Amino acid sequence: YGGINTFAHLPHVFCLSQPSETFDIALIGAPFDTATSYRPGARFGPRALRAGSQRQIPAASYNALTGVNPYASWAKITDCGDIPLTSFSSELALAQMTSAFEEIMTHKTPSGGSPLLVTLGGDHSIILGALRAVNKIHGQVAVLHFDAHLDTWDPRFYVGTPFTHGTMLNLAGREGLISNNSNVHAGLRTALVGMGDYRDDTEQGWLRIGSEDIDDLGAKGVVEKIVQRLKGKKVYLSFDIDTLDPAVAPGTGTPEVGGWTMREVKRILRGITTAEDVELVGMDIVEVAPAYDNQGEITALAGAQVVFEVLSGYVKKGELAGKKAA
Amino acid sequence: YGGINTFAHLPHVFCLSQPSETFDIALIGAPFDTATSYRPGARFGPRALRAGSQRQIPAASYNALTGVNPYASWAKITDCGDIPLTSFSSELALAQMTSAFEEIMTHKTPSGGSPLLVTLGGDHSIILGALRAVNKIHGQVAVLHFDAHLDTWDPRFYVGTPFTHGTMLNLAGREGLISNNSNVHAGLRTALVGMGDYRDDTEQGWLRIGSEDIDDLGAKGVVEKIVQRLKGKKVYLSFDIDTLDPAVAPGTGTPEVGGWTMREVKRILRGITTAEDVELVGMDIVEVAPAYDNQGEITALAGAQVVFEVLSGYVKKGELAGKKAA
Amino acid sequence: YGGINTFAHLPHVFCLSQPSETFDIALIGAPFDTATSYRPGARFGPRALRAGSQRQIPAASYNALTGVNPYASWAKITDCGDIPLTSFSSELALAQMTSAFEEIMTHKTPSGGSPLLVTLGGDHSIILGALRAVNKIHGQVAVLHFDAHLDTWDPRFYVGTPFTHGTMLNLAGREGLISNNSNVHAGLRTALVGMGDYRDDTEQGWLRIGSEDIDDLGAKGVVEKIVQRLKGKKVYLSFDIDTLDPAVAPGTGTPEVGGWTMREVKRILRGITTAEDVELVGMDIVEVAPAYDNQGEITALAGAQVVFEVLSGYVKKGELAGKKAA
Amino acid sequence: YGGINTFAHLPHVFCLSQPSETFDIALIGAPFDTATSYRPGARFGPRALRAGSQRQIPAASYNALTGVNPYASWAKITDCGDIPLTSFSSELALAQMTSAFEEIMTHKTPSGGSPLLVTLGGDHSIILGALRAVNKIHGQVAVLHFDAHLDTWDPRFYVGTPFTHGTMLNLAGREGLISNNSNVHAGLRTALVGMGDYRDDTEQGWLRIGSEDIDDLGAKGVVEKIVQRLKGKKVYLSFDIDTLDPAVAPGTGTPEVGGWTMREVKRILRGITTAEDVELVGMDIVEVAPAYDNQGEITALAGAQVVFEVLSGYVKKGELAGKKAA
Amino acid sequence: YGGINTFAHLPHVFCLSQPSETFDIALIGAPFDTATSYRPGARFGPRALRAGSQRQIPAASYNALTGVNPYASWAKITDCGDIPLTSFSSELALAQMTSAFEEIMTHKTPSGGSPLLVTLGGDHSIILGALRAVNKIHGQVAVLHFDAHLDTWDPRFYVGTPFTHGTMLNLAGREGLISNNSNVHAGLRTALVGMGDYRDDTEQGWLRIGSEDIDDLGAKGVVEKIVQRLKGKKVYLSFDIDTLDPAVAPGTGTPEVGGWTMREVKRILRGITTAEDVELVGMDIVEVAPAYDNQGEITALAGAQVVFEVLSGYVKKGELAGKKAA
Amino acid sequence: YGGINTFAHLPHVFCLSQPSETFDIALIGAPFDTATSYRPGARFGPRALRAGSQRQIPAASYNALTGVNPYASWAKITDCGDIPLTSFSSELALAQMTSAFEEIMTHKTPSGGSPLLVTLGGDHSIILGALRAVNKIHGQVAVLHFDAHLDTWDPRFYVGTPFTHGTMLNLAGREGLISNNSNVHAGLRTALVGMGDYRDDTEQGWLRIGSEDIDDLGAKGVVEKIVQRLKGKKVYLSFDIDTLDPAVAPGTGTPEVGGWTMREVKRILRGITTAEDVELVGMDIVEVAPAYDNQGEITALAGAQVVFEVLSGYVKKGELAGKKAA
C-alpha cells in the first residue's frame, strides 16, 4: 500500500519524452472518456487500475498456473505514465492519443524489436489510436475483442461525431487497420438495433461468441474456437471490463447483466495467450470507471488481473522461445 | 440518461384516471414495503427499476437471442405510473392496490382483449392485489414464483397482520385465486420453521425447484421441469429479485446467499416465455430495495432486464401467432 | 416516493414539441457534462435533482420564512423534461441547447409575458445557451453567479475547445449577452493561475464575494452587497452546487473545500430573491454529479432546495405585485 | 471494537422480563419504522446507535466540559435491549411499545425512585408510547422537541392511520400526556401545508425555535429561550436526528437541508441539561436510519453523542444534588 | 433487526469469566487484524458477522438440505462474546488469544465432553491460538483450510514478526499442532514467490485444491477429494472469506479474483461436514473486513452462512449418532 | 486525473536512496496504522492524499488569499515517495521511520539549509519519528497540534506497547524532543479518563484550545492565541484530520463529533503560517483513512488542502524574506 502507485510497482519512465528508452512491454494510461455513451468516469481508469495492481509485487508474482512470474523475467516492463488527453474534444483527443501511441511504438526493445503495447483505458474508443500505432509496425492485425457490445456499429447511428466507444472498431476496419476476416468478439450480449447489426459485423470480418455460449462450450471450448480463428495471426487483444458480469465488475459505464466471471476469464486468457500460434502484439483493458465500483474496488482488481494474466502468457511464451533475463 | 424516467422511455399515461386508454401491456409501479419482514426500502423499487431501464432504448432494444424488439412491435406498451399507496396500514394499502390493479385489468388492448399486467414492486405482498385482478379476468392461474423463499407460509406465524411478504401466496390460495396443483417455486433456498413448511406448500399446489438444483439439471433442465408443470395453463410469473445471488442483487430486503446468476436467469426466462404451451397473463418484479444496492446499481439493472426478457418472450410469441404492428 | 419523477411532482409537458404550451415558469433539464474538467457525471444531474425534489409535494410546500407556497400560487410551473443533447461533441451540444433554450423562451405565460427559465444542469457550460435565450428576450442581464470558481477564464488556457465549464462566462461576455459592470460572483475560493485572473474578471464586469467573506459580513451583509450590485437590473441567477462545502454537497465534479452551508445559502437566496429592485429572469442549478453523492443523496437534496428557495422568492414577489391564481 | 455491542459497553439486562431489576437510567431500543413517511430504515436505529457508541468506554468517558463521567458515577445505567415490535401493524406496535415502556417505568432506581427513560429509536412515533409511560409516573410533562419538523400535524392529513411520525405529538396532546403551554420545538425548518399549521401548533402549547434562529441568537440565546420556557417543569427531551444538517446526519428518513451542527447541538444540550430548574424525566434519540448513513457512520456517531451529552448533564446535576456512587 | 446482536440471537455468556459454564458449541469473537498484510479492518469482523446472522432466527433455522435446525437441537450453543485483544502488539495479542482459546477449551459440554470451538475472526492469524487450544484437547488435527492463499509461507519472508496471517500455518506445523500429512487447502489461487512455495507446502503436509479445479471436478468431486484426505481424522475447518470471489465477498483484506461462489461453497461444506468419517473439532470464519463490504453487507451474510452450514452438518451428525435435546 | 499520482503533480525522487538530492520542501508518505486504537486504514492515507491533491496543478495553484503559488516559487518541492514500513510490529516500524525521517533531514536545500519536512500519514504515531529527525537538526521545537484528542496520554493506559497514536506526544516529551512550555492543542474535544489528563498535559507544556472555543474567540482569536504561544519558536505543525468535524472528514479512525470546518481551518492556518514570529520547520497531515471516506473523497480533499495552505504560508514568508525562484 506504500509508494507512488505505478502499475504493479514497476519502474516508471515518462516514455513520451524519452525516445531512446527501451522496454519489452510498455504500459501506458489513456485517461479519456468523452466517447462514452452512458455513465462517464473511465478517465479515472488508469488511476484505479494502478491502485488495483498494488498487491502485484514483482518479487511475489509467480503465476502458478502459467508457470511464470511476468515481472521477474526476460521482459523489461515499464510504466510509461499517462498520455495527456483533452476531455473537451474527441477529435483532438484522438489526434493526441494516436500520436502518443505511435511514439510509444517507435521505441525499441532492448534486443531491438518492437515492444508489446499495453494500454490502461479510458473508454474503449482509445483502441483506435492504439490500432493505428500497432498497424504502423505490424500491419493488419486480428482483433480479439472481449466485450458485451459489438463496437462495430455504423457511425451513422451516433449524433455528434463518428468517433465513439461504440463505433471505433468500424472505423478501424474502414481505415484498414485490422483484419477483415479473423476478428473475434467474446462475451457478447448487447441489445441491437436489429439483426442487421450482426450482418454488418460479419461483413467487417468478425466471429461472435456470445456470453451464454460458454454454458454450452465450456471455457475450454471457447478457447478452442478463438484460437482456431486467430491461429497464425498477429493479434491485438482488447478487454472491455463490461465483458464481466456487473456483479463482478460494477464499475463501468454501460454494464450488461449476464456476463462472464473472472474464473472463466482467467482460464480463457491463459488458454489463448499460451496457445502456440497466436502472436500477441498489443492489448488494452478499458472501460473501468471507479465512481461506480464498490467499496472493495473489485472492478479495479479484476482489470489489473486481466493485465497480469495476459502478461503471464506473453512472457511465458517468450521464455519457452528461449528469451532470458539479461 | 436524459428525460423524465419512464420505464425504457415508454410513453406514460396515468392509466388509473384514463379508463378508456388501451394498451397491450401495462406497466405499473406499486411503491409499497410495509409488508417487509427485514430491511425495508422496496417502496423505492419502481423508481430504481425505471432508472435501471434507461439504457433500454426502444430504437435499439432488439433481443438477439429471442429475435424480437419488444418495444418496437405489435404490442402497445404503456408505463401507467405508480399506484398511490399508504405505507401506514397494510390493510388499507391492500385495498388500494387491489382496486388499482382491478382497474388496470378492466382496460382493453387495442384489439379488444385483456392486457398483460406488469407490476414494478414494491415488496412481494403486492402480488396478492395483482392476482385478485388477474383472477377476475382469467380465473385461476398457475403461479411461476421465482424466489429464495416460499411465501406460502401460514399467516399464523406472523404477528400483527396476516398480510405479509411471506404469506401472501398462502392467502392467494385460500382466496381461490391460483391453481392448487400447478404452481412452481424456482430458486428456493430459504431456511424453514421445519419440514412441515414443505408439506403445507405441497398441499397448496406447489412444486419446488431449489437453487442448487440447477447444478444438477442445468438451465435447460430447469426450463423443462417448469414448462412441464405449466403446460396448458394461464401463468402469472412473479420474480422476487432475491432469487438472484446477493452478489448479483444486493439491493433487497431478505437476501439469501447461494442464488442464481443473471446468465442463468436469462436462459430460464427465455426458455419459459417462448415455450409453446405457456400462456402468460401477468408478471411482476419485486423486492428491489435500492438503499442496499451498490454504487453501480446492479440490482436495478438486473430487475429491469428481467422485465425486458419476459416481454421479449411474450411479444415474440405474439409475433409468431401473427400479431403485427398497427 | 411514488409516481414518475417530475420535479416536485409538477405536471410534465415536453415543451419543445408543444410550442403553444404556456407557463409562468419552465423547468428544463440539460443533461450534459462534456465541458467538465475533472470528475464527469453531471449529465445525471437532472435525474438526481428530480429524485431529490420528491418530498416537495405541491400540497405541502408552504415556505414559512418566505410566506408562500410556490407550487400552489398564481404561477403555472411546468416540468418540460430534458433537452436531448449529444455528449460526443461540445460544439454540437451547444448548438442543440441554444436552440432548445431559445425555443422555451419563445413560449408565453398565460398572461402573455415571458416565462422564467429554470434549468436543471448539467455542467455549468449549459449557462451559455441559457443566456443566449434569455438575452434574446430580455437583452443584457446581470449574472449573479454562485460558484467556488470564476468561470470567466480566458478560453486560451483550455485545450481542445473554447467552450468549457470554466470559460463560458467569458464567452457570454464576449457575445455581449451579459452586463459588463454589474455581475457578481458569490462563494468564490478557487485557486488561480495568478492575480491576472482577477484583473480580467474585473474587466469583464464582475464583483467578487469570497467564501470567507461571509465570516466577516454575515449572511445579511452578503445579501446587502449583492442587492446593491444588482439593484434595478434584470438578473440571471446561476447556482453551481460547488458553492457549497464538499461536506454539504460532495456530489460534484470540482469540489473546493471551505464553502458555504445550506443554512447560509437559504438565507442569502431568500434575501436576494425577495429584494425589491432585483428582477429575476432566469436561473439554473448546475454541477450536481450523483455518482459522487453519498448514500443519503444530500447533494441532490440541496440542489432541489435551491430551486425551491428561488421559486419561493420569485412567486412571493409576484404575489405581492398582485398576481393571483387563475 | 470488541464484545457484544451494548450501548457504551454498559451492562445488559433484558429488563422487560426482569421486573425486580433496578437502575437509575434505562436505555431501551425501539426498532420500529412503519410510521415513517418517506425513507424507511429507522428500525435498524438501535443497532446503529449501539455500534456508534462503542468508543464511549466507561473508563474513559469523562466529559470535560460538563465535568462528569456519566458511566462512572452514582447512576446505575442498564441497556435493557430492544422492545419486540411488529413492523406489520402500527396499531399493534403502538400497543406493544406502550406496554413495554410502561413496564420499564414501573422499575425502581436502587434508591426507590423512578428511572430516567432513554429510548433508542426507531422512527419518531415511538415517543407516543414513551410519553404514555412517563405520564403514568410523572403526570403531564413539557416536551423539548428537537426536530426539523413539527410532528404536531393533524392526523386528518394522513391516509391510513392517525399514528404516524408526523402526528404523534398531536395525539399526545389530545391524550393529555403533555403540557399545553410549555413545549418547545428546536431546529424547525420544514415546509408546511400552510400557516395554519403554526396556529394549530401554538394552540397545542408549543413555542417554535427555527433552525436559522441560532444565527441571530447564538447557541447561548437558544439555551436561554428554551430554559425560560421549561423552567420548573418536568421535561421530556426528544431528539430527532434530522435536527442536524443532512451533511452532519445523512442517515435519516426525511432530511431537511439547513440544519444545526453537532458543535451547536452539544452546546445547547449542555446548557439545557445542566440548567438549574429543568428536571429531565425521559429522553429519546430517533430517526437514525443507517442505510442512508455514509461509510464513516457519522449519523450513528452523532446520535450516540446526543445520548452521552444528555446523560452527562443529568448525572452531573445528580452529583451536584449530592448523589454518590454506591 | 431487534435486540442486542449475539450471533443468531443465541444466548450470550462471557465464558472467559464463567469457567463452570457448559456448552456443546462455543462461539467466540477474536477482533484482531494486526497480522494483516494489506487492507486492515478484520477487527470489526465479529461485529459484522453477528449483524449478518440476525436473520438466522432459532425458531426458523431449519436447514432443509441438511435436514436439521442447528439452533433447536441437542446442542447447547453459546455466544461467548469477544476475546479482549490488543491491536498494538502481535506477540502480546497471540499470548492473549492463546490463553483465551485454551480457557474456552477447558469448558465441558453438558454431557462432560469437549465443546466445538467456533471462532469469529479477526484476521487469519487467530487460527494459531485456536489450534494451540484444540491441540491441547485433541492432539494433532488435520486442517481443512479454505483460502485463496497458502498461509504456510516461511516467516523469513516477512519483516517485523514471524506471526502474520500468511505464516501462521507454517508456525502451527513447526509447533507440531497439526498433521503433517493430511491437511488440505481448498480454493487456492494466490500468486507465489515461486514454485518453491508449493514444495514447502507439500512438505508441511498439505494437499492443494485450486479454485479452478472445481470447474473440472464439480463440487461433488471436490468433496470427495477432501473427504478422502480427511477420513478418520479429527478435523479443524478454517474458512478464510477470501475463498469466495470478490464479487461474492468484497469485504476482505487481500481479495483474489476468480474465487468460488456461495452456491458452490454451501454444497462443499454440506458434503464434508455430513461425511461419515470426518470428525470436526473446531472451525473459524476469518478475514471479514466490513469497511470494504458493500451497502448490502453481502460479505457478512456469506460469513454467517458458512457458520450456519458447518453447524448444520455438525449437529446433524450428532443427531444421527443419537444425541437428543435435553 | 492523468499521470502517475505524485502529490500535486510535483516531481518524484525516491529521496531515501538519493542522499545528494536537494529540495527546500520534502514530502514523504508514512503508510502505517498499527498504532491506531479504533478503525484502522490510515496506511492508505498517502495514496488517498496524493489522489486528493490531483486538482492542485502547479500552473494554476495561485492562492489568492495568501498571495502566492507555492508550487511555482523559490521553493523546490519534491515528492519523496513513501517510507517502507512494516505493519506487523510497531517497534520495528518506529525504528524504520525514525531512520528514514532522519535521512530526509540530512538532505540540504539548494542553498545549503535544511528542508521543511512534510509527512503524509499514516496514523498520528508517525510524528514521533518525525520529531526525532527534526530535533536532530533544530533542537527542541514547539508543537502546534491540531487534533480532537490529547495524544499526550500516559503509555501506562495502553496495553501492549507504549508507542500508540494516543501517547506519542507524551513519549516525545520524555525524549526531550519538544518544548515543555510552548506547545498548543487546537480543536480538542475528546472524552478523558479524568481531569488528571489535563493536569498531566499542562505539566508536559501544553496549552489547550477546545473545539467550541472558536465560537467565543472566532477564527481570528484562535490565531492570536496560538501565535502568542508560538512566537519566537521553531514550530512543528501537526494536523490530525479528526480536528475536522466528521461531516467534513468522515474518513478517519477515531472521529469525534463537533469539530471545525475547513473554512475555519483555512483561516487559522493562513493566520498562523504567515505570522511574523512563527518559524515552521516541519508539518504532517495524519489519520486519513480512505475506507471510511465517502464517495466524493472529501476527507482526502481536505487533507490535501491543509498541505496546500501550510505550504502557501511557508513559501509566502520565504518570498517576503527575499527568496527568489532560481
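When the chains are written out, they are named A, B, C, D, E and F in that same order, and each has its own residue count from 1.
Quick note on the criterion: a contact is a pair of C-beta atoms (placed from the backbone, for glycine too) under 8 Å apart; a residue touches a chain by one contact, two chains touch by 3 or more.
Predicted, not measured: the structure shown is a model, and the values here were computed from it.
Here the chain-to-chain distance from subunit B to subunit E, counted in touching steps, is 1.
Set against the C-alpha centre of subunit F, every other chain centre is closer than that of B.
Comparing the centres of all chains, each the average of its CA atoms, the largest separation from subunit C belongs to E. With each centre defined as the average position of its C-alpha atoms, the distance from subunit B to subunit F rounds to 56 Å.
Inter-chain spacing, taken between the CA centroids of subunit A and subunit F, is 41 Å.
Annotation for subunit A: residues 1, 39, 43-44, 245, 247, 291-292, 294-295 touch two or more other chains. All chain pairs that count as touching, in label order, are A-B, A-C, A-E, A-F, B-C, B-D, B-E, C-D, C-F, D-E, D-F, E-F.
On subunit F, the positions that touch subunit D within their shared complex are 38-39, 191-195, 197-198, 210-212, 215, 245-247, 250-252, 254-255, 257-259, 291-294. Residue ranges of subunit E in contact with subunit F, taken from their complex: 33-37, 39-41, 43-44, 86-90, 92-93, 158-161, 163-164, 291-292.
Of all the residues in subunit E, the ones that touch subunit D in their complex are 1-6, 12, 29, 31, 43-44, 46-47, 50-51, 79, 81-85, 291, 295. Those residues of subunit C whose C-beta lies close enough to touch subunit D in the complex are 1, 55-56, 59-65, 67, 69, 218-219, 245, 247-248, 261-263, 265-267, 294-298, 301-302, 305, 308.
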